[in-house]
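If you scroll down you'll find the structure; I have some questions about it.
Letters are used for the chains, namely A, B, C, D, E and F, taken in the order the chains are written, and counting of residues starts over at 1 for each.
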Amino acid sequence: MPTHLLPPSPPPLRTWQTLLDLALAEDIGPGDITTQIVIGPESKGRARIEARQDLVICGLFVAEEVFRQVDAHLQINPVHREGERVAAGEALGFVEGSMRSILAAERTALNFLGRLSGISTLTSQFRDAVSETSCQIVDTRKTLPGWRVLDKFAVLAGGGINHRFALFDGILLKDNHVAAAGGVREAMNRARTRAPAGLRIQIEVESLQEAEDACAAGADFLLLDNCTPEAVARIVEQLGPDILLEASGGISLENVRAFAEAGVHRISIGALTHSAAAVDVALEVEDGPDRRP
Amino acid sequence: MPTHLLPPSPPPLRTWQTLLDLALAEDIGPGDITTQIVIGPESKGRARIEARQDLVICGLFVAEEVFRQVDAHLQINPVHREGERVAAGEALGFVEGSMRSILAAERTALNFLGRLSGISTLTSQFRDAVSETSCQIVDTRKTLPGWRVLDKFAVLAGGGINHRFALFDGILLKDNHVAAAGGVREAMNRARTRAPAGLRIQIEVESLQEAEDACAAGADFLLLDNCTPEAVARIVEQLGPDILLEASGGISLENVRAFAEAGVHRISIGALTHSAAAVDVALEVEDGPDRRP
Amino acid sequence: MPTHLLPPSPPPLRTWQTLLDLALAEDIGPGDITTQIVIGPESKGRARIEARQDLVICGLFVAEEVFRQVDAHLQINPVHREGERVAAGEALGFVEGSMRSILAAERTALNFLGRLSGISTLTSQFRDAVSETSCQIVDTRKTLPGWRVLDKFAVLAGGGINHRFALFDGILLKDNHVAAAGGVREAMNRARTRAPAGLRIQIEVESLQEAEDACAAGADFLLLDNCTPEAVARIVEQLGPDILLEASGGISLENVRAFAEAGVHRISIGALTHSAAAVDVALEVEDGPDRRP
Amino acid sequence: MPTHLLPPSPPPLRTWQTLLDLALAEDIGPGDITTQIVIGPESKGRARIEARQDLVICGLFVAEEVFRQVDAHLQINPVHREGERVAAGEALGFVEGSMRSILAAERTALNFLGRLSGISTLTSQFRDAVSETSCQIVDTRKTLPGWRVLDKFAVLAGGGINHRFALFDGILLKDNHVAAAGGVREAMNRARTRAPAGLRIQIEVESLQEAEDACAAGADFLLLDNCTPEAVARIVEQLGPDILLEASGGISLENVRAFAEAGVHRISIGALTHSAAAVDVALEVEDGPDRRP
Amino acid sequence: MPTHLLPPSPPPLRTWQTLLDLALAEDIGPGDITTQIVIGPESKGRARIEARQDLVICGLFVAEEVFRQVDAHLQINPVHREGERVAAGEALGFVEGSMRSILAAERTALNFLGRLSGISTLTSQFRDAVSETSCQIVDTRKTLPGWRVLDKFAVLAGGGINHRFALFDGILLKDNHVAAAGGVREAMNRARTRAPAGLRIQIEVESLQEAEDACAAGADFLLLDNCTPEAVARIVEQLGPDILLEASGGISLENVRAFAEAGVHRISIGALTHSAAAVDVALEVEDGPDRRP
Amino acid sequence: MPTHLLPPSPPPLRTWQTLLDLALAEDIGPGDITTQIVIGPESKGRARIEARQDLVICGLFVAEEVFRQVDAHLQINPVHREGERVAAGEALGFVEGSMRSILAAERTALNFLGRLSGISTLTSQFRDAVSETSCQIVDTRKTLPGWRVLDKFAVLAGGGINHRFALFDGILLKDNHVAAAGGVREAMNRARTRAPAGLRIQIEVESLQEAEDACAAGADFLLLDNCTPEAVARIVEQLGPDILLEASGGISLENVRAFAEAGVHRISIGALTHSAAAVDVALEVEDGPDRRP
């Protein structure tokens, strides 16, 4: 996590306990048949969770909770903090206790770690691609249903910044809203009169003309959707530094720097959360029951 | 969905209602501020959900439920069935009613559709890659926590086959179980004596030697993990047709056909569910409030 | 509800269903003993819900849902819209069907109506007290635990405006935050660098000096806490029209107009929700079972 | 709490955990943005919860649980017991630990304390008004939906007595029940034959005539609704000491003593729970992060 | 159900929906594999639910809800009312629609019907055994955890009467309470002073001496536990008709009439709910998919 | 529990917490009135849970959790392990702490213990009846709704074996499935092609002819329903040792040995769970509050 920010606290367990309940119910349910029939209830061991590729770690706090909720007697020791870079082969943490419990919890813990670190790793790649610019990498509402709080935390862990959390905590006038209101001027008027005082009004535009119309109607926070870096640069130049600008649409690791250099303040990328591949993490039993003296 | 199978019913709403609750709570919560301040409560419209890329559709039954639960008065008409191939630009369905409701539900509906169709589309690509072999494409437990029933249905919709659903409905002896039991022979003995009669016992092996040991211990269902296609072929040849064989580990669209041609009965692929990118689907308002006479 | 605003949709049932579940469970639970032992299951009737005092109505949408969830066969007809003024003695709505169901649901429905209309009525009294000023009446987070979405809607119904919904959708630097950060300047610096782009930063001040310090540190949105109307007037004059000002603390129906005339943009009042007395509403059986031919 | 009663245990957490879940979800949700951006995760402090007015305290057990569930590492020390009288300025308790956690939990804890102490304080005022009579102050079912167990406990803490908890644990024949049954005699007959043996049958009457009719039909427990103290006195005199009498309707702090002196055994007052104003309680940081060496 | 009582409404769905959720989740979960692989989704049929033994039916309202919640399109037609006697071989109801749905729901519906009718049938046998006495058959709190509302309704359906529902709606002083209070006199004193006015106080005694002590202390409602019919008769004779008496402990179909004739008003029997064997009910497909033209 | 099996871990609390929630809510709810009015909050004591009949114990892990969730300060010490035989009069465990808490939790704890030990005791009687045969006693899906995981564990504790857990983890072709598919051959064909590889296919037959048809169609796992022991013996003889055979229907303690000796591998018995009578267990206060020095 970038050092110039106070590290955020992970989201309260309350906000993802239901997802965790679903996860444990669906994978373990009434019990792990395999361990019950081949491993004795007294069998103890120690396992190492490790990175199988370079990654930015996120989700150890979830993995810990998975093990704890499967078996309150397991000892869990993470060896990295959320947002740290970890090299392939390094340990992420250790878990010790009942072998039945460790093996039953393994897949759920890894599934969480794999996805969340996938997001933080991809976010950090975008961050690296715009390094030394002041442009921020921002997420979207294209998170996986049920995962909003975790997905958004993983973006923070990867060095990104969160956009509005949801429909209830931000205002973004998109083309459909503008059309429904009868044009940019009327939409901005309604929004300015009626918006809660604590929220800025962001409006989506797709061209310099629309951007100028929006500013004329009082907008000071634009979403430039599906513009080329060149078009973005022209808008930046034309509107001057007082208008807050965010680019979105068609952004990739290849072209993100061009957008940043075009001068926008933020670049929002749905793929951070809707298409991040899981990273490869694994659990290795180090000290199993039958290897003990 | 392949025509030689009876089409499965989508999973009961009961099994994914909690995920849907989470999704609606996290994205809409107490309400969509933007639509409340710029769109009147009486405004009606019609929207088209469309594919922006070629895809195998999955999740329309979820999207329908999203719209219905946001507003029971919305009319929803899907125009494709789960598992059908759809070309870029085609409509997937239509939704009609209150503009406030349609726009509030849009993102959640699309987020479900994008992920589930991402899985079914990727699965169908693997299926196509092994076409005209008798080899089946199988999923794993590397689904997203909370999404097991939906992810597994998306695999079926893409023409794949489900592996065990979870730890409670199948037996798979992995290296850690074998080690804990004190070797292949003892693990197989315990499992055969104690397993519920309705379940086969699958055992993971990584070499011909291990495969032969497992068969000698009575195994008739092996998971060949991290073997090359050549190694797989040798094992197939050696063990003969009565042993059910599944390959896993390191499988990609490039090499999957080589595994199929090596003669395994099933190939299981974690990436189907842990790393499928979302497909691009969008909602277009066709007939908005201000365009009506 | 003031006519210059688009009427808000009531909060989605999803967001208050749990409160409704609690309410029905705690009052009806396994059943209403009294009706079961003295009224037959076939007994039908019609009841009128009426105002016993002048009020601004809020909560009919909840009362309807109470009756519907107690008995899906009840017919419910509200005769007023949320936010309308109703005189003592007027009907608010009618409910018809099984007498057992009507009487079992009565108290829960009235308890909701009484509190929500209590809030909307009190809010409208504050609104009336500042009529013909541009000052807005605003709620706070001093709502009843579990009732946030309903309490806040009742404020809207009474002609008020909502402040931030909760801690997650707005930024307000209070004295403790400023102290923890090491002073106004540092607190504002941290907040400006780190706040999500869509949120303004509001800072609490208690004197002209603090207000000027805050503005010097870049603030443009102040909460003037526990100031007299005179102190407020001086701050308004000194800071000029570009700084958004909200007054709070010690506001009553007697002094609220003085604050409004002092020139603040908003006045926030905890008592709207933490101390509104319930209004008097009652249910009268008009056409009971034994009065039918 | 009056010393002649065994102090009741606070209601089991199980019975108000859902309300607490709602409260924490609605106010904190995914997190407190303000503290996350201006206060570091390592910052510690100590806060004092204090009374800002004279009050009878109720709800410390809830406030403790709020802090504990927000952060299990917080240290909480209440310095009063439920039902004690506390003077303005006195401390109610202390909480120590992470500043982020204390400030995030503050409002929810105070909202519970303010309402519950509001009820217990108002109840104690009614108790004081009937002091040295044997008349008991009793609550009603006019509690806030979702708050029944807490509201009723607050009445006990204030020295009142609980009426039936709900529709399922008591029998009260009101006018509508009597009408539906076809008169007082038939209603009493049905009730006596069919009531569970453990429950008395209470019947509502509004005049001496109705009271006498009810007694003639076998009633021994009457609710005298909307009678004047004089009418009540006549009924008491007429019916003698064996009939249990409860007065309700139009009772205020001004006239409650007149009812008590008229000789009823209990006086039930809806306002105890439907219209109690919150008392003023506050949290003060005593030893904040930046004042530590 | 005995005709001299108003038929009770079945308990609200709200109070047993969670049990139903558990039931459907545990038996159907993500889906019925067998029907999905051998029966097509379009296959329709009609099934008859029938009694395989003489019984008093209870639980059709639950069975209906099971079918409805598994598939809202199923048509369900019960042909008996709760509490009716049904002969072996008679139909209880019919269900028509998707074969997949009918077969998936079958077992859960029958499991509910079998148990609830088991209770009502057993209760009716006890009722028959005391016919033409005025003694009532009463249940206890020895219901199956999670089933209280359903078990108690089944007792009503079988012609029994409910005892207190739970610990919160009745007062019963058992030996442990009396000991803890320091004797019968003190226990009765505490209880009379402190009990809610609407509740009678029942006290458990095991001998005539204890019964007389209890009455001397003011008791008018006794539980005679583990007494012989002869001992009961002596107590009845000694105490006279004004003391309400309930017998419990060691009651069977063989001896219940002796207790009734000894003159107690009620006999409570734990076995009604803790040891009722399920009755035999079955579902027969009448008109299956392959028998249609 | 038979020593030749690894003892299974009790099912995870997660899977029966909801049932426990229901149980505590329905019996204790807002509180135990009796203990609150006659026993002081400081009163402590110790109670012994004891067997009142010979039994095989099951459910101590549930009873412990009941006490713990009612009052986290109670000390609970079980003195037997799940599945052990206990003689009438022996202690099962002890609980120590607040008398209010112990008495409030007593009935719920005993209700769980009584039923679960009822199942394990009945199962052990069937086991004893087939002792020294290799035949296994197997449960069915005729468990009590909501109790599947607990009921099935009680069968294990009694020395039985679990059948499939539910519809989602096993395949059993019954007469209705066969009819719907158009005959044994087609049903087996569909099932073999489409079944998940890890599941065997079991098919129900009622005669030798049907058994032979099923084998001819490829079946190797039969359910012999409603056959006499003689018919079973003929089928065993005819089909030889490679076909796995299970008998069901009409099995009692009297005839179960005849079935076992007829040579089936498993005997499944619905009555184990649908009709097990509760065993008699009780809680005795040993060291109550007023007996302490």
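Basically, a contact is a pair of C-beta atoms (placed from the backbone, for glycine too) under 8 Å apart; a residue touches a chain by one contact, two chains touch by 3 or more.
Please read these numbers as outputs of a predicted model, since none were measured by experiment.
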Dup interface of A-F (contact pairs over half shared, numbering-based), picked from D-E, D-F or A-B, is D-F
Answer with same or different: of all residue numbers used at the interface between chain B and chain F, are over half used by both copies? same
Provide the C-alpha centroid distance between chain C and chain F, rounded to the nearest whole angstrom. 52
For chain B paired with chain C, centre-to-centre distance based on mean C-alpha positions, whole Å: 45
Chain A-chain C separation of Cα centroids, rounded to whole Å: 34
Specify, in ascending order, the residues of chain B that touch 2 or more different other chains. 6, 28-31, 37-39, 148-149, 165, 168-172, 190, 194, 196, 199
Touching chain B in the complex, chain C uses residues 6-9, 11-12, 14-15, 148-149, 152, 165
Per the touch rule, the chain F residues reaching chain B in their complex are 4-6, 161-165, 168-172, 190, 193-194, 196-200, 202, 221, 244, 246, 265-266
How about chain B: which of its residues touch chain C in the complex? 21, 24-25, 28-31, 36-41, 69-70, 100
Per the contact definition, I'd like the list of chain C residues that touch chain D in the complex. 18-20, 22-23, 26-35, 37-39, 43, 45, 99, 103-104, 107-108, 111-112, 114-115, 118, 141-149, 165-173, 176-177, 179-182, 187, 190-191, 194-196, 199, 271, 274-275, 277-278, 285, 288-291
